[in-house]
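To keep things simple, chains are lettered A, B, C and D as they appear, and every chain counts its residues starting from 1.
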Amino acid sequence: MLNVAIIGASGYTGVELARILCNHPQVCLTAATSRQYAGKALSEVFPNLRGKTDLICENLSVSELCERADLFFAAVPHKTAMDLVPQLLQAGKKVVDLSADFRLRDVSVYEEWYQKHSSPEFIKEAVYGLPERYRSQIRNARLVANPGCYPTSVVLALAPLLEEGIIDPATIIVDSKSGTTGAGRSAAVGTLFCEVHDGFKAYKVGGVHRHLPEIEQELTAACGNGVTISFTPHLLPISRGILSTSYASLTSAISSEKIRQLYLDKYQNEGFVRVLPDNCFPATQHVRGSNFCDIGFAIDKRSNRIIVISAIDNIVKGAAGQAVQNMNLMCGFTEDTGLEGAPFFP
Amino acid sequence: MLNVAIIGASGYTGVELARILCNHPQVCLTAATSRQYAGKALSEVFPNLRGKTDLICENLSVSELCERADLFFAAVPHKTAMDLVPQLLQAGKKVVDLSADFRLRDVSVYEEWYQKHSSPEFIKEAVYGLPERYRSQIRNARLVANPGCYPTSVVLALAPLLEEGIIDPATIIVDSKSGTTGAGRSAAVGTLFCEVHDGFKAYKVGGVHRHLPEIEQELTAACGNGVTISFTPHLLPISRGILSTSYASLTSAISSEKIRQLYLDKYQNEGFVRVLPDNCFPATQHVRGSNFCDIGFAIDKRSNRIIVISAIDNIVKGAAGQAVQNMNLMCGFTEDTGLEGAPFFP
Amino acid sequence: MLNVAIIGASGYTGVELARILCNHPQVCLTAATSRQYAGKALSEVFPNLRGKTDLICENLSVSELCERADLFFAAVPHKTAMDLVPQLLQAGKKVVDLSADFRLRDVSVYEEWYQKHSSPEFIKEAVYGLPERYRSQIRNARLVANPGCYPTSVVLALAPLLEEGIIDPATIIVDSKSGTTGAGRSAAVGTLFCEVHDGFKAYKVGGVHRHLPEIEQELTAACGNGVTISFTPHLLPISRGILSTSYASLTSAISSEKIRQLYLDKYQNEGFVRVLPDNCFPATQHVRGSNFCDIGFAIDKRSNRIIVISAIDNIVKGAAGQAVQNMNLMCGFTEDTGLEGAPFFP
Amino acid sequence: MLNVAIIGASGYTGVELARILCNHPQVCLTAATSRQYAGKALSEVFPNLRGKTDLICENLSVSELCERADLFFAAVPHKTAMDLVPQLLQAGKKVVDLSADFRLRDVSVYEEWYQKHSSPEFIKEAVYGLPERYRSQIRNARLVANPGCYPTSVVLALAPLLEEGIIDPATIIVDSKSGTTGAGRSAAVGTLFCEVHDGFKAYKVGGVHRHLPEIEQELTAACGNGVTISFTPHLLPISRGILSTSYASLTSAISSEKIRQLYLDKYQNEGFVRVLPDNCFPATQHVRGSNFCDIGFAIDKRSNRIIVISAIDNIVKGAAGQAVQNMNLMCGFTEDTGLEGAPFFP
């Protein structure tokens, strides 16, 4: 049994990590930290966990943490992570960092979109934790930068097309819609029930969302050349789920069948990617609660564009589930351990 | 007092027409037809109307209808409308037709996307009922083709930019999201609560939704040249509301301020279009229950694109409200009569 | 035109008051106060109001307020109200107070459930603002204590039965369910979208909700004897609406028809109470956005109990709408002015 | 590996059974029947199951069924079940019947509330499948009548109090609220998204819901005397979840601590019942997707009543999960096999 701990357990990613880990047969969840709820049972903060864990939220120092576990899920905000993670690594621990601090390989890009980086020397060794693209590196990593939720949905959808030169990278437009768990659990008027319910809106319009450089980094890696995209996130009145609708011009005439075969080939050994059949399209309610990424597409012959639609559960494949998938790889466990559950519908 | 009737009152457009008309000070709602609910009080079918109307749903012949009213709202499916509307016109009545049957000016386009047209001779005299673009013709029309919900949201957003040559028509991509009232009130598994709730999906992907030629017709009219767009509709887990996110490349460098001024100029006398200030974007919950169309935009300098976001209540400005606005124009009433209510929030 | 002002305009009751008042033909809304948003346009705080009002939120002293209006809607928290309202009255103004501070006629009951009362001398002149029960007093009042949302739904449902001795007051159990607007607009984890959505729970279980003494006061007034009830509120994942399910034992055998006739008689002249026909029951979605209270009932012969179900929109008939109804009475306007709109469905 | 089959797989109970069974380590799901979808992949009917099962929906005769499996989940409507189940039993199979046909031990009660029973001789051997009350009999049963969703939530809450004589059985009032999955997956206007969303209503008011005799049967068994209750079901705008609020008068003064201890004693060995601590109350969102029943209560001293609140996921503990729990018992598997997952929140 591997001892693992969640640092920053009081958010939606934290509770989802705890939900998955408390049923994982090869790990023992030994600590859950929370400054705000220190002293409270985790199952008091999140009553769904009652009977599944006896953990008490604690406010632990790094050295105390290091006595508790060998692998850490850092679910703290960016900036906090970049100060914390290096200390864990220096103590010989493995870390899956769910913040943005080690995702961008170019520190200057990071500093342009976030802030000054305090530990740039660790960026180089961090592996971008998208198993479908970096599995072998993840296996050997001690620091995995768990991808953002939007990037996970977009990169899995578009990378295969870019790798094969099927779409023109200059024409990519991504219109994404996310459930409200993506906005976190802090008390704020903007995410109150009455503000979000029965409504829908865009936010961070005009290419200013911080997931943008992360998406571009990974699409550029797939393409070989620098990719600049348009990306607009929206807020859905649902708890879980991201659906990304991506548009791009085809570089040449190609049949739907060929593109489907390409996707099937790329993902034939991927347990968490489901390429949908012809004329089927993803829905967030069909991946709810699971680590799946569903991908469907159609060609719009009138405009010579492809529309690729991808759906994930943003706090599973877009956060906690992918983090556990990464841990499984880092620790030599079967990749889907703890993540076998079928999606919940309805 | 003008006598008016609703033909096809048992759908969501029907009940919304009844809601608006029962408080309209210059009309008297004299008939509401429904084959399915004939003999039942309209307020039994829609208990929200209890105490507001005593109408009984009836199954009336055209000649019976003609004795009841002078202006008709035809809220029947396409195909049914094209057979019915000419008879009303020939009896000297005015008609606001909410179906698609008289929206497309080119009958061959209609027949390509729908079916054979039985009354092509009436297409020519039908006026496309978007008051912000065809007000003077509507004033003199006896047949108004009330626009589709998606087209209303898109045309109001993009026509001003096309008229001024600010965007490249070949690059237009429209990603639209609609509330579930848009799917109608027929019993169907796909629109059951448990199928739609807490979920999100695209449908009619790949340029196959029938509102596409309607949008293109109106954008072409604004542009002067043939416009082909990509259009993807999605289904939102809300009752009312459409939000359209439209993308297009700018033809030249232009400031946000200039574009905002352009919108403000175009819509300065329009009571139902609200151009939002800088860095504000529409939300369906802020137009809920009203006849407003809210428009906001941002320029994405990195990709030289403009993103225009527009929101309407799909059964008000996208159907029943716009139909009443058209009636007001056709009958010389003040344009916003019966439509003055502020949106409901929350 | 009467000048009116909203004190405490930044909550959900405030925005609903503004929505109603901006279309009221006999009043002019001259001020909206908010400490938090002072200096911001009210339509920036609540974008649904854009184009309907130009008011700027202000932080005004009592003397400044008094220069602005002749009637005030006090939508501030209890405790704040009891200090503010007397000053307005002493300046010769009329007040509709939406807090609890002047609802309970027995100051000792108030102080048991809330806190020390600073202006007990004003309690006596305050009229409980339920027009269906205190219309003539409201007409002459200068201070109206606008009822709580739960009490409105319960008192309208049960008072007629108690007045006629049809039910045993010792057996009354009220199970109420409220939409989340009832919890207010303060940032709090408990009312975040993700906490409330797709869920349901009770709160203040065991006879501890502060609306309890208010309900008992009014049922006691109807009954003639002291009434003690059980009352359990629940939180619904909807924005607007309260549905109360009330249970009581019948004192003697009585037919459904007789009870229905009793309700019809009591409410025959009431424009905002809709007594539903046999076998029809209220639904919050059928009163949404309106000032209606719908009442339905059934007799459970097996247990000799009556079940009365009542539904209101908690921020209309349960708050802002009833406040405007009271203002209309206090100022000699037609009682339903500004409140004529039919409910929104769907 | 035990071969099992789902008869009637196309409803919400069917898909939930399939979700649970496809991850159950000791069974093999060998058939899923559906008349409507025969020939279609189950994962096409329910795309959440894609990649989890390759089963094709079939329309199988009883003899074909019997070749496929040794234990059957009958998820067909009542009436259909009473004809089908005996044939399976006669073929030597075990059956968990999710219909109402074998739940009521008194055939005359069944025939009063449902219709003529075609197989009354099998009622006697059927065991009521509430493991917390009939575990030993279930272990030896070949026919288990899986309880209704409402009865599960109510009986677990009230039976311990009745057994100890703590509450007066004549005073029991149960106010229950159910998610919309309870209404099934048939196309019907009343359960369309737009009819249910953002709304709330009661139905089957006045003691006429068919779960009533089932609840009374089990409460009577706990009490020793005939129990008659009032029961009102309501429809929640959520997919999954039942919350029942039960009221009863206390027979004598008793402390909260004693009652809590009683519940803790009764349920100390029950893995699926969580007795909540003082001042904590269940919420449907905290049992979502799990087989838990959460129970909390408060004493209302003012009225000498106890209010017990219980919550389950209606399609898990209220249907499919409890059915699997029963199968586990019938087959000697560990009782929580396949049901270990923690609830999903949010």
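In the analysis below, a contact is a pair of C-beta atoms (placed from the backbone, for glycine too) under 8 Å apart; a residue touches a chain by one contact, two chains touch by 3 or more.
As the structure is a prediction and not an experimental result, all values here were calculated from the model.
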item: Furthest chain, CA centroid comparison against subunit C; value: A
item: Between B-C and C-D, the pair joined by more C-beta contacts; value: C-D
item: Gap in Å, rounded to a whole number, between the CA centres of subunit D and subunit C; value: 38
item: Interchain centroid distance [CA atoms averaged], subunit B/subunit C, Å; value: 36
item: Numbers and ranges of subunit A residues touching at least 2 other chains; value: 12, 181, 194-195, 197-198, 237-240, 283, 285-286, 288, 346
item: Residues of subunit A that touch subunit B when the two form their complex; value: 173, 175, 177, 194-195, 197-203, 205-207, 228-230, 232, 234, 236-241, 243, 245, 247, 281-286, 288, 296-303, 305, 307, 309, 311, 346
item: For the subunit D and subunit B complex, residues of the former touching the latter; value: 12, 180-181, 185-189, 191-198, 237-239
item: List of subunit B residues in touch with subunit C within their complex; value: 12, 15, 18-19, 22-23, 46-52, 181, 197-198, 239-240, 271, 274, 276, 280, 283, 285-290, 292, 294, 340-346
